[in-house]
C-alpha cells in the first residue's frame, strides 16, 4: 500500500504543543506514514497553510490545530478559519480535519491542556481512518463520540 | 429509468444513527436505489465528504446528517458547515440536503431522538423527490411543512 | 424581442404560496414570459435550485421565495442561503432576486400573509424590470421603497 | 491617458439619492470620466450588479451605495452583501468601493442624510484615487480619516 | 537567494501608521527585500488590494494592516475582510498575514498605539519567516506567543 503523507499545521498562539501529540499518535497507529509540519502564528493562517501542504507537498490529508481565545473577535476568527478550511477541502479535493481548542472550555490551565491532548490524539486517529478507509468510522456512527471529553453515548 | 445512487453522510458526534433511518427510508420508496455511506467525526467534516461522494462516487444526490450542540461555537460551526454544503451544490452541480438536529431543540433525550428520526425520514423522501422530479414538491409549496415536527399548515 | 424565461423557487416550509402570486404578477406585466418553477424543502435549498434553473433551464432571471423562522438557527440559515444566492449571481453571471419573509415580522398570521403577498408581488416586478432594462429602476433610486410594507419615502 | 469608466450601483431602498452625489463628485474631480449607473432594490442585489458592470460594461472601478436598516436581519444582509462585493473584487480582478449608510447611525433624518452625503462624496473621491493611482492614498495612511464624519486624526 | 518582494496594505481609517513600522522592520531583518505599499480607505478594501499586489506585482507575501472600530458593524466588517483575505490565499496560492487592531482593545490612545506597534512589528517578522522558511516558526509552536501583548507562555 502507498505510504501516507500527512500534513500537520499548528500555531505559535497555542499554549499546548498539539502537533507533537498528533505526530506521535500518527506514528503509533500508522508507522510508515510521513508527516510534514508547518507552524503559523494563529488560526486565520491555518487555511492558507493547509492549502500549501496539499498543493506543494501533495499531502493525503491535513490536520490543523487551532487555539481560540474567549473574546468575540476570537470567535469571529474561528468562523473565518473554519470556513476557509472547508473551502480548501472543496477546492483542493482534500481531507482536512479542523481541530480547535477554545480557552473558555475550561477555567483552569490543567483541564484545558487535558482537553487539547485528548482532542488532538483522537482527531489524529480520525484523520488516518478517513484517509485510509472512508467506511471505517461507520461503526461509530451516532455513538455520541466526543474529542476532548469522554463520549456521551447514543440515545437509547 | 437510470438506477439512482444516493450519498449519505453522518457523524460519530451524533447521538442517533440517522443514516440507518435514511437508508431504510430510501430503500422503501425507491427500492432500486443504491446508497453509499460515509461517516465523519462532526458537522464541519460534512461538506468535504459530500464533495467526495459527488466527485468520486458520482452520486445523484447526497443527504448529510448533522448533530449540533447548544453552545455558540456549535452554532458557528453550523454556519460554516451549511455554507460549505451550499458551495458544494453550486461548484459540483449537485443536490445536497443538509439535515441538522440541534441539541437545544428538546430538553429530554427521548424527544430529541423522535425529532431526529422524523426529520431524517422526511428529508430522505425530500431528496429522492428532488432528484427524481424537480416538480414533485410543488403540490406542497407554501403548506408549512416541517421536518422533525408536525407541519404547521398554510396561513388561510 | 426575445421571450423571457423566469425561474421561480419556493419552499414547502413557507406558509404562503408566494410562487403563485409571483407567477400571476409576471404574467400580468410580461404576458409573453415563460416561468419555470421548482419547490424545495427550505431556504438552504434555494441556492442550489437557483443554480440549476440557470444552468439547466437557461433562465434569464430567478426569484427565490424564502420563509424564515424566528430562532437563531433560522437566522443563521438565512445568512448562508442569502450568501449562496449572491455566489450564484457571481459564478453563474445571473440575476437572482432573494425574497424572504421572516416569521417575526408580524405577531399575527393575517399580517404576515399580507407582508408576504406584497413583497412577492413587488419583487416579481423588480426582477422583470432588472432583466429587461438595467436602467429602469433608476427613477426610484433613493426613494425609500419597501417590499412587504408601504414605502417610507426619501429624506427631504 | 485612458478615459475612465466608473460603475455606480445604488438602491431603491435607500432614502437618499447617493448616486447623484457620487456622479457629480466624479465629474468634478475627473471630468473626462464616464459613469454607468444601475439601480437595484436593496443591498443584497449590489454584488450581482457590480459584477455585471465589470463583466459587461468593462468598468475600471465600481462604487456601490447601500442603505442598511437597524434590525438583525438588516445587519446579516449587510454581511452577505459586503462579502459578495469582496468576492467580486477577487474573482473579477476589480476595484469596488462598498459604501453603506446604517439607519441606526443617527436618530434624526437630517443627520442621517448629512452622513450619507459626506460618505458618498468622500468615497467617490477614494475610488477615483484608487483607480488612477494605487499609491495616492499613502499620504493619508494612519491619519484616522472617516467618511460620513469628520476625521478623528492619528494617535500622536 | 531570490530577493523577496513583500506587499504592504494599510488604511486611511487607521489611527497609527503601521505600514511605516512594518516596512522598517522588514528592512531590518531582510535588508535586500523590496516592499510595495498600497493604502486603501478601510478594512473591507484590504482583500482586493492584497489580491492586486499578488497578481500584478507578483509579491511573495503580503501583510495587511487593518484598524477595526468597536461597533457591531465594525466587527461584521472584520469578518468579511478576514474571510476575503483567506480566500485570496487559497485562490491566489499566496501567503497573507492579516493584522488587525481593534479600538476596544484599550481604553486609552497611548496603549492602543503600543498594541498596534508591537503587533505590526511582530507580524512583519512572522511574514518574513513564513515566506523564507515554512519550518522556521516550529520552534515557537504551542508557546503561547501574542502579538500586541507579551506572550502568555505554554501551559506547563
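To keep things simple, chains are lettered A, B, C, D and E as they appear, and every chain counts its residues starting from 1.
Following the convention adopted for this analysis, contacts are C-beta pairs under 8 Å (C-beta built on N, C-alpha and C of every residue); 3 or more make two chains touch, one makes a residue touch a chain.
None of the values given here were measured: they were computed from a predicted structure.
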item	value
Chain labels contacting chain B and also chain E	A
Classification of the chain B:chain C interface as same or different, half of numbers criterion	different
Mean-CA-position distance for chain D and chain A (Å)	40
Whole-Å separation of chain centres (CA-atom averages), chain D against chain E	25
Touching two or more other chains - residue numbers and ranges from chain B	79, 83, 87, 91
In the complex with chain A, residue positions of chain E that touch it	68, 75, 78-79, 82-83, 85-87, 89-91, 93-98, 100, 102, 123, 126, 130, 134-135, 137-138, 140-147, 152-155
Touch list for chain C against partner chain B, complex	10-20, 37-41, 44-45, 47-49, 51-52, 55, 72-73, 76-77, 79-81, 83-84, 87-88, 91-92, 109-110, 112-113
